[in-house]
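Working notes, beginning with the structure itself.
Chains here go by letter, A, B, C, D, E and F, matching the order in which they are written, and residues are numbered from 1 within each.
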C-alpha cells in the first residue's frame, strides 16, 4: 500500500508526509526504502537488537524498533546544514540483526560478520543499538577498510573499563578492547560529554594512557560548544572518523530511556550544535546506542536518537555533495 | 538481515523466535512476510492508520504500528484450536493505508478502494485499525462478494447511532449506515459485550429495529460464555460472517489503550473463549479496531489486540484445513 | 460558551455529547449543572479534597477533580436499571470543599458543617473523596436526619481499627468511631469486598462485636454476586442506608489509583452487578472515596469511580421514579 | 462551596491558596471567576477543545482541561514583572468551545464566531488550545478590530505550509492562510524557536516571501535571549501584536505533551526570559496551543503552558497598569 | 532508627504499621528482620537479581527490590488461613545475590552454591527473582535434601523447551533440564495456568513425555479453581513439593510488569484461591519469578508478587503450626 | 549475601559494582554500610519519611526509599572534586525515621529528637526527605552545636511564609520559624534558585527583612553560575553552613517527581556547578527534600537527588581530607 516514492532520476525516497500521513506506512527508519529495494546504498541504517552487555538497566534490545518509531517526524531537508540527506545519494534501512542474546562472544562475532557483509551493499553504516558492546565489532570492520580509525565518542561514561565479572566484552569496555586490538587511531580520538562518578582516579589515568582526550559535559557548560567542536576537530583533522554516540551523553531530562543515566548531561540542542560543527569531518561510520524504550516517555529518547541519526546523515550527505567522487571509499 | 524463513514446500513463514530473537527483525505483524514477498495470500493483515472519526480520546491512528509491536510474542501453533494458522496457508502483512485524515468522506472511500484492490491479492483481510469508522467501507467490499453479510460485532457500544455534529460517517455510526445501505444480513447479526450508559432508551429500540441481537457483557457474566456462543452461532448459522472487534469490548483493566473505555467489560480470557467457540463459523473477513497506544501501558492493549487477531487467524485456518477447496471464495 | 441545556419543563441537564463534544465544556461531574445554577437539587455531588488521614500512599486530595475528569463519558440513560438519572429529578454538582489539610480534627468538623449546610439545598449527597476519614462526619449528618443508619460499606479493609499513632480520626478508623458515637444502625450494617492480611485475629473479633457482617471478596468469588446481594439486602431491609464505597474494593487491576491496594478484589463488573441488585434499597446518602489519581493510568480508576457514582445515581433515581413523594425525606 | 473571593472595591479574585487548598475548588483557570460571574473582563481565557487539524499525534482536544489542571499552583503576584495580573483588572475564565470535530471548515468558522461574540464581554482573549488551526479564526477577529496585525509566533515549525491532503485549514497552515487573507501586518511578524527538518529549502524561501523573520532556537542558543527580544521588538514596535505560542517551541524535555515534538528547543526559562522582554509590546490577543495531555508526564507540559499564559497575563496587566485608559481598545 | 520489634519470647517481628508508618523503615521484605539479625530462620526470603536468561523483555533483575517495595502493606495475620506466618516461626530476609550477568553457566552455579549455603541458616527458602532460569539450581538443592521433588509450576508457559540459540540454561528451559538431571519427581508434577501459542504441537507432546500434567488457564475458567486444586493435590499427595510461580501466570491486567505477557491468564484472586487450596501440601521451597518492574504500573505486579509470597508463607506456617516438629526437615 | 566490603585499614565500603551488580545488594544509600554496622560515622544518611506538611502534591513520604533506589549507580570517585567521599572517612546509612503522619507538632519534635540522638553516632547528617517541614527541627539541632547557623537554601520557593490554615509548621514556613527561633545566622543566609509567582510583593519584603539574600533562577541564567557561587560564598564566609536543597530548585524537566513544580528552574548541571563551587564552604549538615516518586519518571528525580547527596558528600570529604582534625566538630 503505502510505499516508497519512485523517482526515475534519483534515489528512492520515503513517501511524502504531505500525502501519506506520517503515522502510517513503512516501518523503516524515516520510512526510507529497505536496503533490499535498492541496488546499493550510500548509507544504510542497521539495527542491532542486543543488550546482553549492559551492567544496569537492560532494554536496549528494543532500541532499534523504538528509534524507527521515533523517526517518523523526520522531513527531507536539513535547513541548518542546507542539505537533503536522502536526495544526495541513496539511503536505506537494512533491517535488524539479532545477535545471540546468551553468548557475548558469539554476539560480538555475529555483529562483525553482519556489518562486513552489509558493506558490500552499502558504503557506510549508521548502526542503531543495542548496547555499546556492539561498537567493538563495528570498529573492527571500519579498521579493516580504513586502518586504525579516529573515534569521536559521545557518552557520559568512558567505556574504557577492563572487565565486568570477568567478561571482556560488555557495554563498559569496547574502547579498551579496541585500543588493545590496535584498531583505533591513538592520540586523535576523544570522548565528549563525560561526567558522573568513577570507580577510581585510575580510571582517568588509564583512559589518558590509552590515548583519549576528554571534553566533559562540564567543559561544554563552562567553555561552550565551539571550543568543544574545535578540540575534537583539531584532533581528528581529515582522518577517517567513526562517531559513536551513547544516548546517555544527553541529560536524563532529554533522554530518560537509557540504561545508566547520569545527571548533568548535554541538552539535545548542544549535541546538535556540536555535531553540526563537524561539517568537514570525514565520517566513515557511526552508531547511536543505548536507547532503552521501556524507560522512555512520550518517545523523548527515541525521537532524540532518530534526530541524532539524521544529523549524522546530514553530515555524510554534505561531504558527498561536496565531493561526489568520494562515495566509493568503502567499496 | 533478519528475514522470513523460506521453505520450498509451503507458505513463507516468520523467522523462528528460537533462532532470531523476537525483539529483532521484520516489523510486520508477527514477523510474517510482507504481502509483496508472496504471490498471493489466503489471509492478509491490513493496517488502517486513521482516527478522524472518534468522539472522545483520539490516537487509534497509531493502532496498526502498536498492534504490530504487540504481536512479536505470537508463536506458530494454537494449542486450543490445534492449528498452525500460518502453515495451513499463506498469511502476510499488507502494510498500512493512511486515509485522508482531514476528510471523512474521502477517507471512507479510500479504505473501500484499497480493500477492494487488496482482495485481488488476498482471499481474506483482517484489518487492524484505526477507529471503527473503517468498518463501513470494509463491509461494503464484503457485501460485494458475499451479498448482505452477517455481522458479529464485539463492542462496549452499539455503534448504530445516527450522526454526530451532522457527520454520517464516524466511529459511532458505521452499522446504522451499513443497514441503510443494505449490506448487512438483517436478523442474524449480533452485538456482543455491550454495556455502559446510553443516550436514550430509544437507542435500544432503534438498534433492535435495525435487526441486531444483543449479548451484553452482563449477559456473559450472568449466563456464561457458552450461552453467548450459542446465541451468536444459532443466529449466524453457516452464512458468511464478518467479525468486527472494537477492543473496548474488553474491560479497561485489560485494554486501557482505547478511546471510549467502559468499565464492566469482558476479560481477555472470556473474549478468547467466545471466539474459540466459533470454530465452525464461516468467517470471510474481520477487523480489530480502536486501539489507541497513547493510553496503553506495557503493551497490555496491543498484545491483547494482536492475540485477538491470532484467534481470528486460527479460526480461518481451521476452516481452511477442514476444507482446502474453500480458500478461493474471494477470488 | 458550552453550558447546560435548558429545558423549560424539567431538570437542567448536561449539554448533549452529540452536539457539544464530551472533551469540551463544563468541568462539573458529567457536565451536570452547578448547584448554584439550580434552585434545589434532589441529588448533589460534593467533592472533598482531603487526604490527610491516609496511612500509606497519599493523593486522594486530587480525587474529586480526577473523578470529574473521568465522568465525561457518562450518558443520560442507564439501560440496565432502565432509568435516566438526571431526568427523573434535578442532579447538580456542588463543587469542592477543601478541609484543613494540617488538622484532622478541624477537617472532620469542616466536612460535617459543609454537608449539613448543603442538605438545605439538596435532598441527598453523593460525596466524592478524598480519603475515607470523611465518611465519619458524613454519617453524623445522616444520623441527624434519619437516626442510626444502616451502612453498606464496600472496601478491601474493615476500617474499624482504633487509632494510628494515637490519632482517632484517620482513614482506617471511621466506622469504629461511628459505632462509638451511636450513629450506625448496629446488626444491619455490612462490609463487602473485604480481603487482605490483617493485624491480628482480634481485628475480626472486634469488627464482629461492633455489629458488622462481612461479605468478603472471596465470598463473592465462591458464592456469586446474587448471594452477596441477598445477604446485604436481607440485613438492611427498608431502613435508610448509607453506601460508602472505597474504590479499593476493586482489584488493583481495575483501580490502580488508590492508596492501599490489595490484590484479589472485585472486578468493576461485579461491583456493578452487586449495586444493581440494590434497586429496592432506600439509599439516603453515599460516598466514593480513596481515588488517588497520581497512581492511576489512562483514567482507569477515575472512570470506574465516576461510573460507580452513576450506578448510585441510577438507584436513587429509580426509587424517586417509583415514589415521587419520597424526595423530600431530607428536607 | 469553594468560590471566588469577593472584594467590593476591585476585581473578583481566586480564592486564596493559603485558606482554601489549591487542590480543591473551582476548576477554572487558576481558580479565577467564570466570565458569567463578572460583568465584563479585561482579559478572558477561552478554551478551544479541538484537534482535528493535527498531522501527527492527536490529543490537543484535551488541552484546555489539561492546562486548567496545570494552572492551580499559580499565585497572584509576578515578582519579575512586579505586577499582580488579576488585581490590575478583571480576569475571568470563559469556559470552552468545542468546535465540530468532523468538519474543519465549520470548526474554523465556529471559533471565529465564538471569539467575536466573546469580545463583547472581554477586552482581550487568551485562548488555550487545541491545535494551531484555531489561530487563523482568532487572527481574523483580531484584524477586524485592529487591522492587519503583527504576529509573534513561538513554535518549532513555520506553520506556513500550503495544504495537507488538499485541506487548506490544518495546524500546519494557519499563517499562510492569514497572509493570503491580508490579516497579518507583513514585514513585522516573526517566528521564534524554529528548528527541525523541513520538507524543502523552498519552505524557507516561501516563508520569507510571506514576510516573516525567523529567530531560530539555534539563534537563541548562540546569540542569547536578549538579541532574540531585540529582533522581535524592533520589528513589532508599537503595533498591535498577537502572540501565538505553540507549546512545542519548548524542548520535548520541557513539554513532552505535544503532537509534533522536535528536539533542540527552548527551555521554559528561555521562553520566560523572552516573554518578559516584551514588557512594552502592545499585546492585543494571544494563544497557547498544541498541548496534548495524553503524552504529558506529571503535568510538565500543562504547568509550563499555564505559566506561559500567566506571563502573557502579566504583560497585559503591566500595560494596563501603566495606562489604564488603554483597556477599552477592544470595546 | 526504625527497626525490628524485639519480643523476648518469640520470633523477631517487623515493626508495627500502627506505630511506625509502612512507608518508612527497613527495606527488607515486609520489613522483616534480616537473616543476619536472627540466629536461624524457619523461612528465609532470598532475592536473585538476575535476568540474563530472558528471551523477550528484560528487567527481572530489578524484581527483588521491586517485590520488597511492594511488600510494605503486608500485615501479620492471614485471615483466610487463620495464621500469623511470622509469629509461628522466624521468618527473615536473606538479602540478594547477584549472579554473574554475563555468563549463564556461572550464574546458575552461583545460585546453586548460594542457596545451598543459605540452607545452613534457614529451613526453607522462598526465592524472589529474577528470571525463571534460577529455578533449576534451586531445584537441584531441593533434590539434594529431599530426593526427586514434586514441582507445582504456575506459569503461562511450559518452560520445558530445549534450547534458545544453543543455550541450555535460559528462562524457557529450566524444567526440561531438571527432568534430564533426574531431580523432579516425575508423574506427580504439574503446570498450572498454561496458555498462549506454542512453537509446535510437539511442545505439548514433549512436555507430557517429560511427565507433567497441565491445568490450563482455560481449564480454570471452565472448571473452576476447586477442580484445579484437586488435580494438583491428588498428584502431589504428601510428597515434598516445590512451588515455582512465574508471575506471568497472572493475566497481564493483573501483572503487566513481566517479560513475556500472555493474555487470558488467572486473576490474582484465582491464584490466591488455588494456593489457599494447598493447605495440606508439604511445601519445602518456592520461588516467585519474572517480575520486571520497568513494565509495572503503580506497583500492580510487585504487590501481587509480594502477596503471593505471603500466601506461600501462610501455607508453610500452617504446616509448621500443625506439626512443630517438622521444622527441621532441611536441617 | 551481598554485603559491604571489609577492608581492615579503612572505612567499611559498598560492594564493588564491578563484582556484585548494582541492581543487587544492600538497599542502603549507594549500598553503603548501615550505621549499625560501623562504630561511628563521619557522615550518616538519614531518611525522614514524612509529607504531612505539603500544600499541593503529597508523596514525599516515599522520598527516602526512592532516593536510595536512585543511588545505586553512584561510584566511589568524584573526578571533578578529585575525592573518594566514602574512603576519606566512614559514611553510613542510618535508615529511616517515620514521624507521626497525623500530628505536625509531634512530628517536628520526633525529627529533632532523632537527629539529636544520631549525632552521638555520626559527626554530620545528610537528611533525605520527606517534605521541607523537617528542615526546622534539623536546624534546631545544628544550632545547638554551632550556634546560629548560615543557611544556604536551594529552592524554587522562599519557604518563609507564615502559616497555612493556621498551621505554623508546614513545608512553606520552616525558615520563618527558624528566624523567629533565633537559630539562623542572619544576614549571611541565602536562597538560590527562587522563581515563580508569589502571593504578594510583601513576600519579598518580609523575606528580605528576615535577612535572606536571593539568587534567583533568572539570576543564574543571566549572570552565570560563578556569580551565584561568589554571592553565596561571600556571604557565608567560613561560618558553619547548613545546606537545604528542595529538589524543586531543579526545573520540572529535570525533577518532575516533586510536589510544587515551577517551570524555569536550574538544570542538574547548573546545580552541580554551583555546589562544586562550595569546595571551601564549611558544611556542617544538609538535606535534600521534596522528592515525590509517584510523580517521577524513570528515576529522573531520584537519581538527581541521589547525585546531589553525592555532591554534598564530596564537599564534606574534601574538607575532611584537607583537615582531618576537623572531623570531630559535632562530637
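Simple rule for what comes next: a contact is a pair of C-beta atoms (placed from the backbone, for glycine too) under 8 Å apart; a residue touches a chain by one contact, two chains touch by 3 or more.
What you see is a predicted model, and the numbers here were worked out from it, not measured in a lab.
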Neighbouring chains shared between chain B and chain F, ordered by label = A, C, D, E
Quick one: point me to the chain whose Cα centre is farthest from that of chain C.
-> A
Pair of chains joined by more contacts [C-beta pairs], B-C or A-B = B-C
So which pair out of A-B, A-D or A-F basically repeats E-F, with more than half the contacts the same?
-> A-B
Numbering shared by both copies at the chain F-chain D contact, with half separating same from different = different
How big is the gap, in whole Å, between where the Cα atoms of chain B centre and where those of chain D centre?
-> 41
Per the C-alpha means, the centres of chain B and chain E lie apart by a whole-Å value of 38
Whole-Å distance, C-alpha centre of chain A to that of chain C, is 55
Contacts with two or more other chains occur in chain A at residues 21, 23, 55, 57, 61-62, 101, 164-165, 251, 253, 267, 295, 297
Line, ring, star, complete or other: which describes how these chains touch one another?
-> other
Between which chains is there touch?
-> A-B, A-D, A-E, A-F, B-C, B-D, B-E, C-D, C-E, C-F, D-F, E-F
Parts of chain A lying in touch with chain E, wherever the complex brings them together | 51-53, 55, 57-59, 61-62, 100-104, 106, 164-167, 170, 294-295
Chain E - residues contacting chain B, complex | 55-57, 161, 163-165, 196-201, 203-204, 217-218, 221-222, 251-253, 256-257, 260-265, 267, 295-297
The answer for chain A against chain B in the complex is residues 1-3, 20-21, 23-28, 46-47, 49, 61-62, 64-65, 68-69, 94-98, 101, 114, 118
Residue numbers on chain F that touch chain A, as the complex places them | 16-19, 21-23, 72-80, 82, 84, 251, 253-254, 267-270, 272-273, 297-300, 303-304, 307, 310
